[in-house]
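In this document, chain identifiers A, B, C, D and E correspond to the written order of the chains, with residue numbering beginning at 1 in each.
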Amino acid sequence: MQIARVCGTVVSTQKEPSLRGVKFLLVQLVDAAGQLTPKYEVVADGVGAGMDEWVLVARGSAARQVEGGEGRPIDAAAIAIIDTVSAENMRLYSKSDEDRLLLPNNARLPN
Amino acid sequence: MQIARVCGTVVSTQKEPSLRGVKFLLVQLVDAAGQLTPKYEVVADGVGAGMDEWVLVARGSAARQVEGGEGRPIDAAAIAIIDTVSAENMRLYSKSDEDRLLLPNNARLPN
Amino acid sequence: MQIARVCGTVVSTQKEPSLRGVKFLLVQLVDAAGQLTPKYEVVADGVGAGMDEWVLVARGSAARQVEGGEGRPIDAAAIAIIDTVSAENMRLYSKSDEDRLLLPNNARLPN
Amino acid sequence: MQIARVCGTVVSTQKEPSLRGVKFLLVQLVDAAGQLTPKYEVVADGVGAGMDEWVLVARGSAARQVEGGEGRPIDAAAIAIIDTVSAENMRLYSKSDEDRLLLPNNARLPN
Amino acid sequence: MQIARVCGTVVSTQKEPSLRGVKFLLVQLVDAAGQLTPKYEVVADGVGAGMDEWVLVARGSAARQVEGGEGRPIDAAAIAIIDTVSAENMRLYSKSDEDRLLLPNNARLPN
């Protein structure tokens, strides 16, 4: 699996009938140092991921093993919302830190 | 899935018998910034996509999950015509804008 | 699928029993501009392709969907001999042109 | 399969139900010269691998052939802890050497 | 499939139970000009390949189509020992030439 950050959405009306109800997220792949890369994937959302969250992306036939994924022509899915990534005994990413860091900005938006 | 723009067609008479009736589109992959790349894919058209339209491309065994795709030796398919792509809260692509922009050119062609 | 040109053959006597009778072609991948690239693939020939012909190559489990491919350990197959490739309303490749261009050379060989 | 070194972990609470109980390791791919590369994979741990150990990583549908992997949306798994890698008649890696080399450091940690 | 040269072995004691008895070869991928590249693959040996031999490597689910491969978490296998590779009507590789060239060296080893 690869680590990716949710950065957008893709909307389609005219599509394979079996894709009705599938939400497509645009996710940006993250490298081993926790940096965002220019690579992206459009994934079916299986976990209710929101903007800026980090997710685990499964590609290939694995994407059809998500709940309700069977028989759908999808080759990538967000299978988990990431809480923490630790490497070399250091915390590379923590969703709770992210939430705290983002709160001031989010709070500012509705005002 | 990857985002791609329909840019051409591939025609073949002598082929696997199960491929009769399959329309092959040449699509050009789009990067995360909405720019066309030199990478392409030949995809089976599952959604009636037209020239210049942006489509979602599924690769691998997912391509055989389209309607009537079972048992065909295809590894890539256009599974959806894209209406909009949004990233970082900005509109990266909109089919309706594209249609409006393209209308004058299209209108000129038959005259 | 990718577009490729048949440029050679691979022969093997000692192989998986299920591969008996499979012809292996060496094909060179073609880029989106119709230029040959240094990338190659060894494919099972499902369509009787000849030297210099352009073929559609399917990779992954799709390769086992060709006639008689089931149960064989192949991950790439030539699934169609290409007649024409058109991009941006221009003809990128035409097998009949190719045949005409190649005839003088081919004719010279046996003399 | 690729050779990789276990360098971290990924933790997720909100995930596909079928992923409960799956341990996700962050592994760093090793090149043919035995050097660590910047490429990584998040793999399901099928063999109880520990930090710094070298493992064999299987990707694609192979990852679901591990014990209990069936029906889970995983596309990569650690399938073996590597004892030795030999290339050109030289020992590229030996787990026992590694253990011996690491012992002094490990011994220092609890003190 | 890709062409590769057998250059080593990978040994593992602690592994998925279904992998017992599988021999893992380290193979170095060969490019279209017949040159060795820095890319490698660890493959299950399905054909009794020896050091320095060139083999055909199948990746993905194809690797599990070898005899006895079903249900094993392998994503790459050596499926054939290559006799000859011919490209552009030239012989790129011949196992019998290779054997002749290697004989003097091999003969020297036991002395």
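To be clear about the criterion, contacts are C-beta pairs under 8 Å (C-beta built on N, C-alpha and C of every residue); 3 or more make two chains touch, one makes a residue touch a chain.
Since we're looking at a predicted model, the values are computed, not measured.
Student: Quick one: how far do you have to rotate subunit A to sit on subunit C, C-alpha fit, nearest 5 degrees?
Tutor: The superposition gives an angle of 145 degrees.
Student: Determine the centre-to-centre distance between subunit D and subunit E, using the mean Cα coordinates as centres, and give it in whole Å.
Tutor: Computed from C-alpha means, the inter-chain centre distance equals 23 Å.
Student: So how far apart, in whole Å, are subunit B and subunit E when each is placed at the average of its C-alpha atoms?
Tutor: Subunit B and subunit E have C-alpha centres separated by 37 Å.
Student: Among the residues of subunit E, pick out those that touch two or more other chains and give their numbers.
Tutor: 60-61, 63-64
Student: Pick one for the touching-chains graph, please: line, ring, star, complete, other.
Tutor: ring
Student: Using the touch rule from the top, order the ring's chains starting at subunit D and going via subunit E.
Tutor: Moving around the ring in the direction of subunit E from subunit D, the order is D, E, C, B, A.
Student: For the complex, give me every residue of subunit B touching subunit C.
Tutor: Counting only subunit B, the residues touching subunit C are 7-19, 24, 26, 28, 38-43, 51, 60-61, 63-64, 71-76.
Student: So in the complex, the part of subunit C that touches subunit B is made up of which residues?
Tutor: Touch list, subunit C to subunit B: 1-3, 31-33, 46-48, 56, 58-67, 69, 77, 79-89, 92.
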